[in-house]
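What follows is a group of structures, each given as structure tokens.
One chain, chain A, links the two complexes that follow: it is found with chain B in the first and with chain C in the second.
Right after this comes the complex of A and B.
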């Protein structure tokens, strides 16, 4: 705790006229003795009197901040930060003491361990709530008791307990415990003699902190009150920010925080041309350092994302004899799975680009793939409607048969490996619980084309045949919480994904060559980003950089989208005035 | 072209003559007595893997209807039309159903249909007998 308060010194107060107005009694200078008779000291009443003069003591544009309160919490903050000289100076200059004299005295006595005197002073502070007085006395006397015990003055300790603590008649169970310490002085709760004595002053200030929490804030200004108020203001700003997409570390005190739509990626930063045919799927690695894309040209590419955001080709993975429909990153991002349409699954090493294993099943084509949580196994959906789980070497571990669709089948597994989600018939997604061996169905009234699972495994984003995207909340009874429209889909498999800070945004490809971005709470798109010259098949939002979005298209290219720097600069230049945000979310 | 989203059917399948995309099942046939410019056409309860064109009012053999042409998603060729609304009560049963031109599809046994000289030149549509 910074700055254990003022040491003993006479406090000469000179009242400085506030606001420079002469109407105030300008030359009110007073010096007075330190020990006033009762409750609030004379000084305190003098300090409060200007408030009766009206708005001189309300500061701020709305006139609701009381001047003495404001100065007191600033003084407190100065002490907490360790600037006790500044704290003293502020009290002098403003004429507003942090605490009344009695309270100062009380604090001092507690710090010095003068328990009896402090209990007396406590009664003179004039607290209206009896309970507080009693609790505070209890704490102080408890400390006195423990000290006496340590010094082995058992009789004194006992008398303290009997004559001073018990009459308070509160916290009886603790009284019993204290009584027990007399009989068992080595009880660990008392603490070894070395630890207590060595940290002598530390324990005094610990008492002071505990006492502080008991007192009403007006008597003893709580520590860190100013910091608390500032944090509250930041919270309000953050909550009011409708399209919040920046890290907390970027919040500034200098101006109100307001993302607007400027913090959502909306400008093409890079166009990656390396595929020789349509790009069908792409996904960022979990650590955001790599991007993997797969294409109709039967290859997959691993791209590296540098720290400055530049994306460059790392490896081209060839070997599949069919188009590569999907890629999947291992949980540790060291390996990648690729799936050839109705063909096989290949496992690759990310660093070397080598193919480590090929998973196939005789007579059956593989149509989807994913990693088992922990990276210990690989699972895949097949053309014979079953799902198979292999270990890394290709040994079959488990297999589920049943109703699955044939041709295009998305599959997902929760992070704990307990639930598998797969397409089942045209309108439904099957939630298979591996442990409970039970199945739940998410039914739509439309054909489902694809789906993706959110990072927290609580939501499922389902793409429908009729150009709607539905957000399902999983849980006991899955239900639809949001619907999004705007993009185009008539013939192709178009994918969507979650993204942005805390996955508050949805992005989707579209057959009209644009990338669509929604905020989770609004059904209308925020952006329809032009740029591609062919249908956008897939999108992926970087999990670590909320300002980076990637899209893959029939025009053989991948686009990396980022913040519109020009718009950002313009906004910052406008922000120099004080913004009063009176309304909340739009 | 993108990754086509196609549904697979099981059973006796009618598929697109050009690209063999599944279009409908034999069990969904409502009537085989429909006609179009290219000869015979069947009315189906349900047709899949088609994209729907613009709605327009068309005078058919049985009266005014609102129809939309349907196209195979695989190759884009026109395969028939869908009835959106029928203006006469007797024809209401057609609403929501689709007609596939026999000339444009391959039957369940792979058979195809060739335009015969006696093809109905008069127009499209027909009643259920």
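Right after this comes the complex of A and C.
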């Protein structure tokens, strides 16, 4: 009989039922075969697909996609998207039902709340895993139990619990909870009968969804399977994109994603002329809305970055008597610290441009500055080789003495405030762990000129005297993971920074007036950007816009770099076919 | 194991009447009525007259509770000390739960359910009782409650526990100590010994064994 045959077959791939696109054919398995058994069994007739179905079972250029599976996933997606008429139509037209008849019946019974019938049907589906059958039965009977409680048929509910649910011997803690509901029907927000609208169709489909997750995918196609496959494809494209520097929101399904180098800022969009001497330091604010620059001209400038990317001058901060070597943004970007070389630190309000406080120490010059995480304090390195931590009003909170070098002004602190990094000796950086009160050293065999900490606090970028930039991975034992060369540095202090999407890129200034850009994984630069007419001292990449880079130079200007629009347009015009993607990166 | 020099014990003088009181408190606590009578007459101690009656009543209540006849125990308790159960909600709950358990064991599930609904749910205002109640209700879910995860609630040990609590509450109500002197003494000795062991040796000391001590 058809019914027995259906359940004996392993349900890996439901064959196309014979008889064409009629839903009647779907019922063939449960009733006596209509056509006389003339030589071939029902099984054979179901395996044979009439020509109206198409003669290929596999589709796609590589022949690895099975037609029935493909159609079913699309059908499922149609229903998920709310196009049930289209879903029905597709099942008819293709002759490939989404579920076998038994499963359809089961689903229908669940949706209609026919619990006992659905448990029977469940057993007829022919699942090989006992545990799934039990879990599904449990879920259904739990609903029956809760419904009975809601209708105040307590004895029936108790009998369901005792005679149907408990013998399943699974999920004992849930049984415990259910027993409690008998006398506390309103207890617990989740799962109690009063919290569920037992009669509502919303809860029926919720049950169906929960049941769905129990079943093997071949029996009940999981929801959103098509969406999942598409997302996987996008992930693969993104991972294979060597110089990936675009936000996920810009990924498109129409053609394979491939950034190339076109998504790295490489063209001067703006030249900012406002300083009257060499520009020594640059930094974007955390929210990417401002840029701060400091100069040998003893001033610092706060620039505003508008939504369209245009940068304009907001405030010029004057008052320092010495060159300003460093600026530092407060964690909330409302305040800025500037450091005059071997002089003092000033704290400014970003909105008004006012100087709020001056930090000084008698007899000692300050050479570096930074914010304490949380914005509650300010720290600074000094000419007497110590580091000092103040609260906002200038009261000294902590100070550390030790071997610190005079000249280098770089200092960094991790976001949790636990570790401080500072120069100590010409070729070593000290990692001071404030909590554990221990120190680690990063030693180079060359003099270190500057360093910067990555946003995730896991890496340190170190600029060396010999024109190399080293990437150190911090952690148990810090070690060098990458080296970059190409830029020029002979006499001056050149800075580099992390940038781009997930800080996958490194940018650096150079004495040959160019801005150098590397991808983290390659030692050779991707770009050497000309434009400045003097050594480029410092760079800063916007933390929120991976396509905006700023550089400051001895030519007194700041350049804002962005995407090369011409190249981008050309590329887009070419993208109208299938991109056969070669694997891996260059 | 470092120990106190046993010769020091010899220096402690012990009063006979102290010992008599200790023994008597033990006998009274456990309602050994006849033994109490003969002990008092042998030692010539003086005790108030109504001691015997109260002991007799307490003994009956204790045994009803131990058997699981909680309703009778409750009835008699209310006669003997009528606000005792009101003041000891935990105890009241535990006694009622004994009756519930009895119904479950005799497979009278409907009755058990009704009893729970009427008598036990009023306690449900307090979270503590809610959890206990849930445990009891689980017994109803199983055809054979002995096989349920909560089978402990059906055991003699549990009944003993409840009966003991009831006994102590009754003693307290009559302004008698709820712990017999003997118990207290043994507890104290054990604790003091453990402390001493810990002080004297750095390693985790072996737990104090009363048996071994008494033999030595």
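The rule is simple: the second predicted complex is superposed on the first by the 456 of 586 C-alpha atoms of A that agree within 3 Å, B and C clash if a C-alpha of one lies under 4 Å from a C-alpha of the other, contacts with A are read in each partner's own complex, and residues count from 1 in each chain.
The criterion applied here is as follows: a residue touches a chain if its C-beta (ideal position, glycine included) is under 8 Å from a C-beta of that chain, and two chains touch if they have at least 3 such contacts.
Being a predicted model, the structure only gives us computed values, none of them experimental.
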Inset, instruction - Report for A:535: first if it touches chain B alone, second if chain C alone, otherwise both or neither. - result: first
Inset, instruction - For A:183, decide between first (touching chain B), second (touching chain C), both and neither. - result: second
Inset, instruction - Examine A:325 and indicate which partner it touches, taking first as chain B and second as chain C; both and neither are also allowed. - result: first
Legend entry - Touching both chain C and chain B, counted on chain A across the two superposed complexes: none
Inset, instruction - Could you please specify the touching residues of chain C with respect to chain A in the complex? - result: 109-110, 113, 116-117, 120-121, 124, 130, 133-135, 137-138, 140-143, 149
Legend entry - chain A-touching residues of chain B, taken from the complex the two chains share: 1-8, 51, 73
Legend entry - chain A to chain B touching residues, read off their complex: 278, 280, 296, 323, 325, 405-408, 426, 447, 449, 465, 490-494, 511, 534-535, 537, 554
Legend entry - Interfacial residue positions of chain A with respect to chain C in the complex: 154-155, 158, 161-163, 165-166, 172, 175-180, 182-184, 187
